[in-house]
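Here subunit A shows up in two complexes: once beside subunit B, once beside subunit C.
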Partner chain A sequence: MKKKERSASEKRDRLLGIVTASPAAILLCVFTVYPVIYLIYRSLFSGSLISTKKEFVGIDNYKEILFDETFHKVLMNTIIYTVLFVGLTMVLAIIIAVWLNGSRQKKLNNMVEACIFTPHVISMVSVSIVFLWLMEPDTGFFNMVLTSLGLDKFPFLSSPSTAMISLVLVMVWKSVGYYVLLVMAALQTVPVSIYEAAELDNTPKIRTFFKITLPMISPTILFTCVVASIASFRIFDAVNVMTQGGPVDSTNTLVYYIYAYAFRYGNPGVACAAGVVLLVLVCIMTYVQFGVSRNKVHYQ
Partner chain B sequence: MQTYDRDIILNKITRALNVILKAIVIVIFIFPFYWMVSTSLKDLTEALQFPPTLIPSSFHWENFTHVFEVVPIAQYFKNSVIVSITVLVLQYLIIVPAAYSLSRHEYRGKKLFFGLVLLGQMIPQQITFLPVYFMFSRMKLLGTLIPLIIPFISNPFGIFMLRQYFMQIPQEVIEAAKLDDASNMKIMFKVMMPMAKPALVTIGLLSFISTWNNYFWPLIMTSSETLRTLPVGVAALKSSETLQMWNIIMAGNVVLVLPILIVYIVASKKIRNSFTYSGIK
Partner chain C sequence: MGTIQLKNVKKQFDKDVVIENLNLDIEDGSFTVLVGPSGCGKSTTLRMITGLDDPTEGDIYIDGQKVNDVTPGKRDIAMVFQNYALYPTMTVRQNIAFGLENKKVPKEERDRRVKEICEIVGLTEYLDRKPSKLSGGQRQRVALARAMVKQPKVFLMDEPLSNLDAKLRAQMRVELIELHKKLGTTFVYVTHDQTEAMSMADTIVLMKDGYIVQQSSPRELYNNPNSVYAAQFIGTPQMNVLRDALPDGKMLGFRPEKLSFREMEAPHITLRVQVATKEMLGSEIIYSLNSKYGTLMAKTDYEIGGGAEADIYVPFSSMYLFGQDEKRIELDDTAREQIKSVFAE
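On to the complex of A and B.
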């Protein structure tokens, strides 16, 4: 009798579990699983954005991007952007975090942290527009300062040779505060006793940094770099607002290319093929991320 | 004694240097916002004038009324509020039961469901947007705000985080409540929810900020002007008839930034902790 009762309640428990999970499960299937499958399927068809008519073309769309020089440039740009952004952001974040962590002006530090982090909660559109204005070639604030110092004007976003680095600088300015916080959280996990030992030995500060701090936080740093790279592949907002991929495709990146192919050139088949490339990139990096995070646990 | 004095002086210099450097860092991160506000209050000649004035010589509040006249920014604002609040509220109805189910129930397919949640966190909007666009287009829903809301209410990060919280609650607490004949609902609302309050607040803050700021998704999913949200509307200011009227553009930008900035100033520490938590997991 008792056994039967328990199994009845177990059954109810199981049923309740399924019922409570199903809304989320259905939504995730509709908005994550189905789109991924459909993206791959749709990349094998031609057709336009408006009409539902489409024609099977096999791997033609892939051939098109494979031989498209713009696409090669776009892939290169995305990689260059990612390397520059992640590199600069992480170096700056480590320097600022270690600096703040080592100085005792608590109130001031809190203010610095709050200010550095502010751009991260602000819309990318706002940040882009403000910097578009600051970097305006003729009447922008930056160039006014440069000319009043007797220096040459800097073209910023208006020249193919400087647009990418300007874009990277804006993105670093926006995101560095977030990574400062992550590095600071990692620094908190380093046991104080190690530093005390180093201090007793009169180890120079630079040496302490390279021999103790950096190795101790490096698993976290590595993990953060991978996550930041995945985020960088998706850059779109700043490109669309500030440069539209230009000048001469110098800031054209993968997501902008996908967007432009679908909504500017009205060729969703090619856009989907490029989307599959992004999907593959994200999958590879996520695989790396899992590998790295396993390491992270191992180190601790 | 001599070296002692020198140490004190050196110490003071380092401290002063530290303060100066920190002040510079603060200026670097605050100045662009100041410049935005300052430009939004100038007239066009002063905005473009050389050398630029740091403080507007007179405050032109009419820039704000002007921006409300050139574009339906009030409508954008309304849309942004509707979308952000609806996503915020509806997602709790979805993610709380889902997280509860993952942490407290045993059933076949649970692992698969958890895999779905992880997949949802991994696949970005930039991959799913085209198929979802086609789907809403076939359903003739692109003329509504629904495409901006429904895809975001199954917030997989929220499910993941809440699950962690629920799992930390000791089984004994729940057993005790069950012995008291508390129903599942009661356990949920009287025991689990209060204990998971920090997670619920964090999820809410992050969700509101990201929905409010989202530009990519509404740009794709809205074709008519009456459905645009603030980020899309303000970005379009730049290319409409206000071209080069930076004071008007900045006035629109202030409208977009202000609500989030106020939330941030009120709950700065809490928001920073939320982001840090979501970054480390």
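On to the complex of A and C.
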């Protein structure tokens, strides 16, 4: 009798679980699982975006990008961009967050926080347009300042050798505030008494940072690294507005390549194949980041 | 050596004066307990000794050397925190060795000292565990070991037992007393728990509102409190103080364990009371009694029913007399006569 009762309540619980989880599950299927499956499916076909005619081509689209030198360059650009962006952003975010966290000048702190966070809430297109103007080689503000100081003009976005770093700097400027906030939140969870114990142990400041602070906030650092890496693999709007992948493909990145194939060259099959490559790369990168950091990250 | 002196120390947080003018001498090798209610300035005093807080005014000396400008790490002291403050990302071994690494102690000696200390506090099995995998008592031991391994002149402890359950706390109390005997180093211990203070200290510093009320041995503090505050802080239940019984604002105090339901020969006073509540503790009973002068507490092995009326007897030898300013005054013959006449009515 008891067994029957329990199984009835178990059934009710299971039903409740299904009912409450289903809206999220349905949304996930419609907007994530289905598009991924369709992406993979569509990467096996040729045909334009507007025509209903599709032809099964197997892995031809993959072959095309595999032998496309532009794709190689794009892949390399994306990796370079990601490494530079994530590296610079994280180092800056940690330095600024540690400084803000240690500073006792509340008013100054609030002002700095507001200043570095503001770019994060401005639209990427607006930021791109403003920086296009600031970095304009002849009449831009930056070069005006450089020449007024008696220095040489810097080509910024107009030269293949400096375009990528210019793009990275703009993106770091825009995003660093967000990561500073995340790191600061993590820093504030470190109990003051641990720092006091370190002080009593006569620990030099640098050693305190590397041996105590950094390990204590390592879960947040890993999280921000993963999020920043994924975001930088998907960089598109800044490239589209500021450089259109140029000059000479020096800032052409994976998502811009996908966009160009799908909407400029009218070849969604190849775009989808590149999309699948992006998906796989992001998965591998995230997996590697978690794997490499497994022994370095301290979860409490 | 590990003497500590605080001279004319003042501590102010913004406009809030926590300690006005503190003078304190702590002897080398003593087990000194700073005790008092929350906010009395005992932790602040300890933190000023460690150097984690700077005094607003006044000087602090360790071993006769002024340490106001010496950083906490160079004061040759060790502290055990209330929440242990272990480094959560390090193993027990790393936690204990961390201070030695900073001191550039060679690895071999470091390992030897860590091993030695861990054997003393019984942590050898847990050397490679992280603090999160240890129980409260084991964490407490790691915190102790971390302090001990530095072989400091002075051990400072800020309510180190308050996060432990009652049984473990009692056990750790004994262990700390033994440890103090073994090391012979100066211990300064902060607590709000009078039982801890009484059981562990050889000197108790009773504090209130940032000043020292009384500094003496536990026995002296119990037998000869210098004020109503000191009298009532030590002892459970607290001392009975009759505030309205005597003329001129004088107050009469006697401890609940010193009054008797049995008639006595020694000179005494007698009070008529009615039993309000009765708490059976096993070896003794705590009574709450209603009297003409308010509620009195009694701690005795004498059995009497709830609601019953009885006479209680308080010997003069166990009485304390306090003046209007709540300071202790001498119970001389005139006072005795006065008390006798009041209670004879």
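Things worth noting here:
Here, the second predicted complex is superposed on the first by the 256 of 300 C-alpha atoms of A that agree within 3 Å, B and C clash if a C-alpha of one lies under 4 Å from a C-alpha of the other, contacts with A are read in each partner's own complex, and residues count from 1 in each chain.
Here is the rule we go by: a residue touches a chain if its C-beta (ideal position, glycine included) is under 8 Å from a C-beta of that chain, and two chains touch if they have at least 3 such contacts.
Treat the numbers as computed from the prediction; the structure is a model and nothing was measured.
Contact with subunit B, but none with subunit C, is seen for A:I122 once the two complexes are overlaid on the shared chain. Residue contacts after overlaying the shared chain place A:F131 against subunit B, while subunit C stays out of touching range. In the superposition on chain A, contact of A:L279 is made with subunit B only, not with subunit C.
Between subunit B and subunit C, the partner in contact with more residues of subunit A is B.
Contact with neither subunit B nor subunit C is seen for A:L149 once the two complexes are overlaid on the shared chain. In the superposition on chain A, contact of A:I206 is made with neither subunit B nor subunit C.
Contacts of A:P191 after superposition: subunit C is touched, whereas subunit B is not reached. When the two complexes are laid over each other on chain A, subunit A has no residue in contact with both subunit B and subunit C.
Of all residues in subunit B, those touching subunit A in their complex are 15, 18-19, 22, 25-26, 28-30, 32-33, 35-36, 39, 47-48, 50-52, 93-95, 97-98, 100-102, 104-110, 113, 116-117, 119-120, 122-124, 126-128, 130-135, 138, 150-151, 153-154, 156, 159, 184, 209, 212-213, 215-216, 219-220, 230-232, 234-235, 238, 246, 249-250, 253, 256-257, 260-261, 263-264, 268-269, 271-272, 275-276, 279-280. Note for the complex: subunit A touches subunit C at residues 191, 193-194, 196-204, 207, 211-212, 215-216, 218, 298, 300. Against subunit A, the residues of subunit C that register as touching in their complex are 50, 52, 71-74, 77-79, 81-83, 85-90, 98-99, 102-103, 132, 146, 150. Within the complex formed with subunit B, the subunit A residues making contact are 13-18, 20-21, 23-25, 27-36, 38-39, 42, 52, 96, 103, 105, 108-109, 111-134, 136, 139, 141, 144, 148, 173, 177-178, 181-182, 185, 224, 227, 234, 236-237, 240-241, 255, 258-259, 262-263, 268, 271-272, 275, 278-279, 282, 286.
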